[in-house]
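Quick one: the structure is below, questions incoming.
Labels run A, B, C and D following the written order; every chain starts at residue 1.
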Amino acid sequence: MEVKEKKVGLENEEYIINMGPQHPSTHGVLRLVVALKGEIVQRVEPHLGYIHRGIEKMCENLTYQQIIHLTDRMDYLSAHINNEAVCLTVEKALEIEVPERVKYIRTIMSELTRIQSHQLFWATFGMDLGGLTCFFYGLRDREKVLDIFEESCGGRMIVSYNTPGGLMNDIHPNFQNRVKEFLKYFRGVIHEYDDLLTGNVIFQERSKGMGVMTKEEAIAWGLTGPTGRASGFSCDIRKHYPYSAYDRVTFREILFDEGDVFHRYLARMEEMRESMNIIDQLIDNIPEGPYTAKMKPVIKLPEGEYFQSVETARGELGVYIVSDGNKNPFRVKFRSPNFVNLAPLNLMARGSKIADLVAIGGSLDLIIPDIDR
Amino acid sequence: MMEKSQLCAALTTIVPEAVTVEGKQFAELTVAPQNLRSVIGRLKEDPGLSFDILVCLTGMDYGTDLGVVYHLRSYALNHMAVVKTRISDRENPAIDSICSIYPGAEFHEREVYDLLGIKFNDHPDLRRLFLDSTWGYPLRKDYKDDVNIVLK
Amino acid sequence: MKSVIEYFKGIYNGIKSLLVGMSVTGGYFIKPGTTLTQQYPDNRDTLVMFERFKGEVVMPHNEKNEHKCTGCGICEINCPNGSIEVIPTTEVTEEGKKKRIIDKHIYHLGMCTFCGLCVKTCPSQALAFSQEFEHAVFDRKKLTKVLNQPGSKLMKGVE
Amino acid sequence: MEFSIYDFSSFTAWIDQSLRASMSPGLALAIEMLIIGVVILIFYAIVGLFLVYAERKVCALMQNRLGPNRVGPGGMFQTIADLVKLLFVELVPIKNADKILFSLAPYIVIIASFMAMGALPFAKGLHAIDLNIGVFYLMAVSSMGVVGVLLAGWASNNKYSLIGAMRSGAQIVSYELSVGMSLVTIVVLAGTMQLSEIVQAQQYGWFIFRGHIPAVIAFIIYIVASTAETNRGPFDLAEAESELTAGFHTEYSGIRFAFFFLAEYINMFIVAAIATTVFFGGWMPFNVYGWEGFNKVMNLIPPFIWFLGKTGALIFLIMWFKWTFPRLRIDQLLTLEWKYFLPINIVNVLIMALIVLLGWHW
């Protein structure tokens, strides 16, 4: 009798494993405490803070120009878009209209950033699922975008190209040619992405129907970006609240209804194509003009609160600046998309297998420095 | 899509206990902490407003008071509103959690608790998120850290 | 019957998708010319960085060992990380006026985040980015550099 | 004494006779065993090192890279350098690990692959032992490695290792079935289990051609199932890098890890060699009945070159799988076996038996 009781006790025992902070599939220092029953995930509990640098606190002692270089380091794959978010907030507060040229360049740069971010997503997602070759193809193509960045901005990932009122320097004379060259090249090789992964029967089996978020759940949890749009939640800031030159271009908002891993992946693949179309519409029409608006050397925002959202590669990045009239902000808050997208991980992964947890985590495309800030 | 002034008028009728001001960007509501949950609940449920998504939840330290700022958005109707609340008790600040209304608020509230020390009543899992329990509340204005924060 | 057809259709489509994937990798295997690897230490001589590449902050000197830095300290104020220290001194000019000139322009490469604000805000364009990217050193002290060369002077005409 | 690279039987017989002439039969047998052991050990090391190098180069080219190219010409000695490094790496002791089992596990894995090596016919007359149940023996010993994997996972006192080992157990037990069934298909066709006779029967036409469609299906199933049995991608669930860090060998370091690493490659060689022997005529050159001139040219190439060439081609195929496909999930892996391979295999064996009974094969 006693033996039997013991056995029951063992059956109810959860097998707890620590995924991370150092683990190949967490893409950084995220720690997931996973309670398992056999291979089935019972509960996932994210533990954060391994790369918390207190960016919001640091911002309180920096000027608005100096904040820019910190935002590069939040979501390092959307560095340009993060820069733009802060710049737009400051410009909105000062009620400055930036030159048309700046708007066009910012939009092109943002879309290039989105493309390279999704390329890296494709690369690492393939690797998460065990297709190691994807990693190299993805990075190979991403290198070309980074070269464009390096030529104009001077940095590859950490670009710091935007500054309140405009850009740090004008685009390189070679910029347009290089971008067109890249678009031509990338249109030629993007079919490989589909051949290698999208169409693959193993990949489809692994990703279809996994980690489903319905539209209602996605809205309730505030999922944005491709993650939210794969669930049918129309949340593209570029469409709803156009900024920079997005009101001048036509593009499709990628929406799917299924909300599973496969459609999150598909949403990103489609977004890459859509981004190329946006760049196509803008690249030949960059107006001549100054690359920055006239700005005072010391920027002091009028007292008040300012909020601006932009669409990064992962979702909505909100910048909330409270100013008390000084050259330093009183409070800066970044509503980072990854932080919000991570929250329902437990909901998505419960009841699936460890391998699915990796796939689900990969499909959210988490950037840990953006979560911790 | 409603104009800001229209939205303010609608807000005043639906949530009369909140003070509605037309801010620079959005309609701003100031709510007493005890009314917070019911106000936000009504903002979400009302079909004319339908604030379906909590965009941002910010903890604030105004120097004397602590505060929480909620940015709500309706994607269906394309408008935004800001709900603000202030807590004067710095020693033991507490406010109602809105996790039951917006499940996505869970992490946001944990973050605010972690960095500002504001407790959220009825939060399902209120623990510190980034820092360990021996740490202070770094986003408070009176936070002192002589080792890591060097001001020139 | 329908399920049987589905079963075999599934097998057929699955195998086809696998073969398509294999054709991509196999295609690259038989085209070894497509490799992109840069053999880094070997191609050091031919490796050219982009002209705007933010390698490290330098202070360009002309052939007469003159620089443009007036020692105003704007770069120091603008640096978000405190990686620049300007140590000024005074000098008596020919007209007998006291003038602030630079003694040492200290640059901590280890703290620099390459945001470019110092270069951009310098009123006399005294600073620039070099394309040097091999920063690794064995001693952290070597990352602290004095940018103005010993015995250098302020260029004529720069105020 | 005549010696030819086309037929090793006279050479081996000469060694046997000269040994027996000078000493007692027991001692001669012992010395023969010793010689064979040393030869296989050397061959084992060479094949292992070469395959590691080959895999790196193959995957590098598939991924648009160059692969190892620093040590020696074209990076030839990279694997040797790695081996030397692994020999000097500290064997990290694991707290609370079952020490005996922990150190035993890599040896079991490597012995299992070693044993299979002995029965392979490399060329005419060049095999250590020609069992009359050769196919059966190969299957039996090659599946022994799973014991080592299970021990490694259990003894490591690591949760990831345990999951990896359990996956490996489930995987190998299931896929052993498919491997066996697909080999049985050919055994039905050949009418024997002796490897030398299987090879001999394929002189004019390899079994994959002679057996019509059932043989082709059997081959496809065999190559997939054996990839799974060797724990290689896309079936590398036991060591799934992105899920279980390194699975069952997470805690191993130094030479113990090298054993696991080497065993994986040798197992790949063995399954490819079995496939070569059973489906592709082993060391038999590609002969067509009646084409005398063509056959003569083909016969000029020595048999062990044929054998290694065919094996190499199959190994390349397995590598190609690994570097193209994403990994399966454990339940899909088992579904593939029990829902697709097993029923197809059973029907396949029946069809093959029918073909043999009716004499449709040629």
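Worth pointing out:
Here is the rule we go by: contacts are C-beta pairs under 8 Å (C-beta built on N, C-alpha and C of every residue); 3 or more make two chains touch, one makes a residue touch a chain.
In this text the structure is predicted, and so the values were computed from the model without any measurement.
Across the assembly, the mean Cα position most removed from that of chain B is the one of D. When the C-beta pairs in contact are tallied for C-D and for A-B, the bigger tally goes to A-B.
Inter-chain spacing, taken between the CA centroids of chain B and chain D, is 64 Å.
Chain geometry summary: the mean Cα position of chain C and that of chain D are 51 Å apart.
In this assembly, the C-alpha centroid of chain A lies 24 Å from the C-alpha centroid of chain B. With centres defined as mean CA coordinates, chain D is found 45 Å away from chain A.
For chain C, residues touching at least two other chains, in rising order: 18, 21, 24-25, 36.
Multi-chain contact residues, meaning those touching two or more other chains, occur in chain D at positions 62-65, 323-325.
Among the residues of chain B, none is found touching two or more other chains. Inter-chain contacts, as defined above, occur between A-B, A-C, A-D, C-D. In the complex of the two chains, the chain C residues touching chain A come out as 13-15, 17-18, 20-21, 23-25, 36, 50, 52-54, 78, 80, 113-117, 120-121, 129.
Every residue of chain B that touches chain A in the complex is listed here, in rising order: 23-26, 52-56, 58, 60-61, 69, 71, 75, 78, 80, 82, 102-104, 106-108, 111, 115, 129-131, 138-139, 149, 151.
Chain contact summary for the complex, chain D toward chain A: residues 59, 62-65, 159-160, 163, 167, 233-234, 236-237, 240-245, 323-332.
Chain D contributes residues 58, 60-66, 69, 320-321, 323-325, 340 to its touches with chain C in the complex. Residue ranges on chain A touching chain B, taken from their complex, read 48-49, 52, 54, 56-57, 61, 92, 219-223, 233-235, 240-241, 304-307, 309, 316, 318, 320, 322, 331, 333, 335, 339-340, 342-344, 372.
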